[in-house]
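The following pair of complexes shares a single chain, chain A, combined with chain B in the former and chain C in the latter.
For the complex of A and B:
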């Protein structure tokens, strides 16, 4: 006999942004039972976006980005211990230290980790890094401060581009190698990738597109450079592998959930699906590890690696965990993303990858201040602003109301559109990129894989 | 005190930069960089910045103290 949903035992696995916001919201919504938050990192929840910005620039210490609490979560924090398994029938989370935690309701918020360089012996060279954790950022910042002659960044997604930007700002030479046709192309499409390429080159980045790195070279265990697929060689002291993220789902391999490389599938109310596509009612999912349907994007399953999504989805999941069925809410937030690099703020609302055409609605490529609006089959599905963040809300409304694309003159604040005719948005297949896209449309079907393929790294 | 700016909301009105220039800094037209760990002597200024932010994007509080219970 289920009791009051505001009582009982809740376990949150994942102690980063989504886990923290969920824990706070549970208490805000009146949960009075026992609350345990498990995190594999030894630190209290911290903010990651500054790691590739302020921390690399040296204006904030790597251990200074602890997230403020909105309210006391009155939780037991089990930090520095990894969840290794889930017994959904016995309703227990298994921990690496041999302990197990019983739950009545569980929230999965294990997020992602950096995709490692595929060759472990090359990845182990001194001077080869990834950037995801506080430790990663601390050591990389230290090495950048030591004044390397050149840094090689592999992958020109948002993280790789932000790292390259920090290098240039510190006066460090940097080469960026990207397999796709341009930086950020997976998230923004080919047209804006050209603009991003121009921004990088204008800031002195040695940008190489359409190439892959075939081998990392070292001498006496130290990284010295890399071979590229076009036959060229880059000599560098540091290498940052920015190949996107892997979802932390391995611990769920035997849990019978729809968990796979794209994340853990859940319904609009953040309830996890089993591998048979049956929705659970005691296992919830939030943040980067989730994969959820969105009505604005034809109910395709979306995987988002967005700060704002982690917050919004954690709040909805927490609300639903302590609310009876009819009072539950759907997670329908329009995705919003930002990045700052080379002195510009890029913001995106909607899903630019869900588009067939794009038009510049305001500003120009030349003045590097613009709004690009994306459409799919005649309706607005996304907008990207470059240093025009105040317009984001306006375009969010157009997306939410499925406004016609191309947008009318009103969309540009009463001015005529800069380009009268839309051009193809040129969104590539994400498989052809060095960097993972931060938004992935993963299709309608739950993952068919029942086992997780572990990467070689 | 720790702060985090919800940069999804931030529209670079720069009120915080005006009120607490030691903590908030604009980098170019719209890139807001800030010190997440607020020094003691900046607390008052940061509180003013939090109140003045037109989009209420600044969140302040204490870090989780995992040993608290």
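For the complex of A and C:
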């Protein structure tokens, strides 16, 4: 039997928000052993939400978003080196520089990266960008400041919409191309997507929905425009590819874990599953790369690309890594995310995609201030606020207590005390969108059969 | 004793020095219906839930008989300030009031006044005698926030004797006194509000078209997207800011001095490490907050922690009790200025979260930081000190101390 869980060797792979918070929590919880944090980026942990907001607006420098340290993590930071493999039997993390790190317990927090444009030669055109890292944001901010005639944003998820918002705020013309029926539709459903589309157009965005970009065009290696599936063409100087994120799981290909495009599956205590669905006890997962069962959403596996989830899950994972079985905690936090765009703050609690109906519980569309509540089979599963975030706490309680949907009458607001009619929330199949949803329900599909292929030798 | 007399016992003047055992009884009782038909809530999680519940109104006009203000139907009824309104009116007026005071439009306002607060605090400490008897309220805790709020709003400091009485009358009208007919007190409060409103609107009107960095000037000269305040709105808003801008902070600072003198070990910690000041002020807001009760009115029948509360009755939330709830805070009756997990209810929560919180924090930090070196050898001359009457805005009337 291993000894005290507060001793030994812990390796954290991933040096962004989840990795940092886990490292701090490990020490907070009394871990005294050796702690190593591996990160493929050369920087100490930094915050990403400002990269698509303040940094693009030029009000914050790209290298000024370092995450504050809550305490000294007393860790060895292996920054600028990528983890390339995992040997679960030998309990070693293999690094790109040939080194390997032995561990007693491992935390996988490798997060996601931007999904690249699928044609590499088009993606290589000067003026074509993705936005995920500090470097991405720095160069994009520079190019926006240079005053391009038009920017093409491909994908109207949160990142794409925030980029478009930053362009408009800087007075730059912008075209947004989205394959789905509206902006943010993957996260908020079709009904609120209509509102989001109205907001974008009111701010002068040339929004094209229901189209795909078929080719990026260039001259002399420079991006000049793109062809759309409706036969039209957009002339632009810059192109930002905002097609959602890819989970950084490739390094785990031979590790025998339940790792795939939706992330690394783990239990409610953040312990990774093997490919056979057996839970491990020395490999933990947290942050964007994880997928985990959530009791409020019928134990479906969730994968969330949320700042708040990365923090909460990292804290639970770290706690469980240094606690004996009966003292371990489940990760039950109700998902929360926010976005600011076009002068509005959108906040969400719960999982709007896990819904069949939506209603406006407070505020009105006309005021552009509202709380939309989502229900699934007669209970509240999510709420989205537009500039009314101070009410979110109430709806979190409704979600946690599986309160009936639609919520009862009685909202203070100077209007008749009834909720509007619930209407279908119109959540599309995420496969039909340009942008990946930032929340995905990733339940096992019963029509897929698992085939185990053992490599010879 | 019966839990339906808790509100009477809490508001009884004899309980003012130490209402906390009654709060413990209240938390034990759950949601307590009072003999007058109002409901009392003192547990942390229930208070937080109710402060975020859109079914609870801050607008007294939603009260049903017999809790209805008898003047509610009258023509000359005053326009409530935003603290007593619901959205969307509350949001519009609070946003307009916030425009010259905080983010997003004026993010630097509070920071810009920091040096001035330090200077005013320094001068007040300087003017205290080296030895002998002082009254912490009259000599320090009152003049500081009054000077600051006058400076911020653009009210002449020398007019303080003009508005002092109005302010006291307004505070008196906000008190909860079960069993007493509130008619006379409320009428007096209304008259005082009217006078103060007229005084402040006149001040503002004289600044129309003139440059200035005070808030009254901004209110009349720099309307935002919601347009300009009406005369009545400006009167109600400016009155709220002037009264709330000092009456509560006086109590926070005085409670702070009193609490530190009662806990010499904590005072010692603070004197050695002024870096503890921000945490110390948060702990004060939890342990001895200036605002003890908040009133709401359910717009529909509500289930609160298993008790059905009817529509239209007064629901009295006791955040000062919630901040001492052992289900939320470890060792809640201990004053510990190094406490880290301290999400107290001292500023409320939800959409009515204290508008002036950043200012109050700064003033209290400056006040206690400047005064604490002088407190090392100070002794309390009366413990407990004489309290002001109000159970809602609770604090000592005087705090005699020997330096």
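Criterion: the second predicted complex is superposed on the first by the 432 of 457 C-alpha atoms of A that agree within 3 Å, B and C clash if a C-alpha of one lies under 4 Å from a C-alpha of the other, contacts with A are read in each partner's own complex, and residues count from 1 in each chain.
Operating definition for what follows: a residue touches a chain if its C-beta (ideal position, glycine included) is under 8 Å from a C-beta of that chain, and two chains touch if they have at least 3 such contacts.
Just so we're clear, the structure is a prediction, and the values are computed from it rather than from any experiment.
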Touched partner set for A:361, first chain B, second chain C, both or neither: second
First, second, both or neither for A:181, with chain B first and chain C second: neither
First, second, both or neither for A:293, with chain B first and chain C second: neither
First, second, both or neither for A:49, with chain B first and chain C second: first
Which superposed partner A:408 touches (first chain B, second chain C, both, neither): second
Contacts of A:58 with chain B and chain C, given as first, second, both or neither: neither
First, second, both or neither for A:390, with chain B first and chain C second: both
Partner with the higher number of touched chain A residues, chain C or chain B: B
Touching both chain B and chain C, residues of chain A: 369, 390, 392
Parts of chain B lying in touch with chain A, wherever the complex brings them together: 1-4, 6-8, 10-12, 25, 27-37, 59-66, 69
In the complex with chain C, residue positions of chain A that touch it: 361-363, 367, 369, 371, 388, 390-394, 397, 408-414, 417
Chain A residues within the chain B interface of the complex: 20, 44-45, 47, 49-50, 53-54, 57, 59-61, 64-70, 73-74, 76-77, 79, 307-308, 311, 336-338, 340, 343-345, 347, 369, 387, 389-390, 392
Interface residues, chain C side, partner chain A - complex: 48-49, 52-59, 86-89, 91, 298-300, 302, 349-351, 353
